[in-house]
């Protein structure tokens, strides 16, 4: 199947970041956004662990072992970076200063709900900073593979798994394209090269609306 | 000074008096700031029925480093309070998870920002506060909420602890600490929240006053015991990744 | 950079758009950190019906420096929120006090630690919290309290503001700040609490990245406008005492 | 009248500070305690404005104009000092880490109440950090002149002025001596040189109990 690879999904979402935004990148595919060339836009990447103003992941041998992003990757710092502790980092988050948080998810619903902290039959979960970010950031973007390994859709009418936060997702990048939750379905903002509307609709658990 | 100072010779001595039932916060986020050496000493010391507070129980990646998961495997833990009690990828499994699923250990799952703020509140004499985080989710079920200026918030309580195990870059003999880069994470907050803060320190302990007062990250008021980390192989160095390279 | 930066040429430009009715926090404690120059510019700018948040309304000592008391005398203030609305010595009188006694200005008297914590809460997305301070006093009369773990606490609300006027030692062009010694006081908290933070800076503005990320006291995320303080006599220098010496 | 001067009152109270204590000194006479020679005791002086570990007031010309104590005096720093902002400073206070706070007052009562923020007929007041400190420090010591300028007693059965905090004062230094609130009266811990029990009793608005 054609479509976008992981870095291309990240690149496509990163194109949406506006000049001057403060952007939080979650574990997994979202962290790839900081590798994207953002041209002359001023973007500040913020990580939950108090790193303000980081840049691309560094190659082996060039890492500073005291410095990781939210995904545990050894990143670089951009000029003007600052370090704060976890409470100050989440002060930035809860006070609404994050322009967009980009996260992975298990499921996204057409009403903007998403689920990324607990799989159905597990006793525990992995929340991390996702609930703080999703409840307080100005925008929530999600990056995820369009379907599960067994081909089940992840873009749904309603989440089956316990939600992380309700009604907050405004943009979703998958390997098949860029979609916006629109209440009863997902508006198709863009399809990845080689992906037809019908292919995307078949892989989606909610109506797709021509964008 | 002829008085007993805060510096301890070794990790074993620094954790020797920790009793069964203690509540201990463990610093660190994805490597930096994790008190591997103090945790290793606690594994040997053997205190039981511990409550362990940390971002995660650890052990999602190889090679294992001393972590809360190992304390669980060693039968030392009654309860964990963490932002991760399962791995984020369904295909991974934390060493802690089967113990939890069998009911051998309790767990309280707390959003990471709420965890940080509850520790900070404990260290700031604030017994409770309201937060927007987790409102409307399974974690808020049956709990007290309050509408303030038209938005719903969840009541959260301070999270005090008996001990904090943290790791710092530099310390002076008065206990003033500096962290390097993302090593800071939970360290200053756990030091505030704890009655007794024990710090493993990467650089040799500096004389009192060697750190510029404007550049102290955690005041010695919050710090009780300092232990320099010995060089490898006895001491564990900066991160899992460096360890892996050996 | 070709983009408009955070640096302003002068105090007048930095405060030009402040509207009538704005809520402004003023940093400083007994001299260090007080934004004398921004306050002077606001006196000339003339915005009215202001709510002014600060440790004190000022003016207990001579010579007077630009302070909230002068804004009151200039008819610009509707309300103050302070830890001092009267002098601590019965024999002193603050310039503010007669205006308050005549009912021309409102005042909310807040314990200093509660004031700091309410500002911090506003900057941390915490809408309300409980504190032991002022329980059982006249300030708690008729207000909501709550027993937590057997002790009585008072409910306090966050204190957000439209603008913060603060003074720092050094800044880089990205707005990262460093304060020197007790100049820090309320500065970082008011920067967190404000929608727009305006900083008068003692040293020339540094290039982006000139401050070690581990030694930034306030991140540029919280800082919107920087104004270098011109040398005397145009700009007002470090403290009242130094001014007195001239 | 004989008795202690202001520095002697401060010196006498400073003798009570135990090795290892963290001590907060309020505006006025209490700030004189940091000038007292404390020998080889480790005492950390903490000021509300975030100065941890200060020392004596510096003479004119030697001051650092960026550094003041809670009374606005230019003090020195001792080795091992650290600076924090106001919220962290009051975190130290509210979390019970101050071993003793020493304050001035208008009135102290035999039951441990004290008043120092508002005089009777004033509309406003000056609370500063007094309520936070008095509610949260492990001990509250008061230094004040034994009587008002017009000779009225300041040590009373009950406060007439609005209280700052109830039932917290354990030790009071005045120009006449050292006294401990004891419920129905004040226990005399020590009388200043040349001060008789009768002189002190006459100047006190509550029974004095021989120490």
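For clarity, chains are labelled A, B, C and D in written order, and residue numbers in each chain start from 1.
In the analysis below, a residue touches a chain if its C-beta (ideal position, glycine included) is under 8 Å from a C-beta of that chain, and two chains touch if they have at least 3 such contacts.
None of the values given here were measured: they were computed from a predicted structure.
A.B. asks: What is the distance, in whole Å, between the centres of subunit B and subunit D, each centre taken as the mean of its C-alpha atoms?
C.D. replies: 37
A.B. asks: With chain centres defined as C-alpha means, what is the inter-centre distance between subunit A and subunit B in Å?
C.D. replies: For subunit A versus subunit B, the centre distance works out to 27 Å.
A.B. asks: I'd like the Å distance between the centres of subunit A and subunit D, where a centre is the mean of that chain's Cα atoms.
C.D. replies: Centres of subunit A and subunit D (C-alpha means) sit 55 Å apart.
A.B. asks: Could you tell me which residues belong to subunit D and also touch two or more other chains?
C.D. replies: 77, 83-84, 87, 90, 93-94, 136
A.B. asks: Any chance you could list the residues of subunit C touching two or more other chains?
C.D. replies: 117, 120, 124-126, 131-132, 179-181, 184, 213-214, 217 - these are the residues of subunit C that touch more than one other chain.
A.B. asks: Connecting every touching chain pair, does the picture come out as line, ring, star, complete or other?
C.D. replies: other
A.B. asks: According to the definition of touch, which chains form touching pairs?
C.D. replies: A-B, A-C, B-C, B-D, C-D
A.B. asks: Quick check on the complex: what are the subunit B residues that touch subunit D?
C.D. replies: Touch list, subunit B to subunit D: 3, 120, 122-126, 172-174, 176, 192, 208-209, 211, 213-214, 216, 219-222.
A.B. asks: Please name which positions on subunit B make contact with subunit A in the complex.
C.D. replies: Where subunit B meets subunit A, its residues are 29-32, 55, 83-88, 90, 94, 96-97, 100-101, 107, 109-114, 116-117, 119-120, 131-139, 169, 179-189, 217, 238-239, 241-242.
A.B. asks: Help me check something: in the complex, which residues belonging to subunit B touch subunit C?
C.D. replies: Within the complex, subunit B contacts subunit C at residues 117, 121, 124-132, 146, 148-149, 151, 153, 157, 178-181, 184, 213-215, 217.
A.B. asks: What part of subunit D is in contact with subunit C in the complex they form?
C.D. replies: Interface residues on subunit D, with respect to subunit C: 27-28, 47-51, 63-68, 70-72, 74, 77, 83-87, 89-90, 93-94, 104, 106, 116, 118-119, 122-132, 135-136, 162-166.
A.B. asks: Using the touch rule from the top, collect the residues of subunit A that touch subunit C in their complex.
C.D. replies: 19, 22, 42, 44, 46, 52-53, 77-84, 87, 90-97, 136
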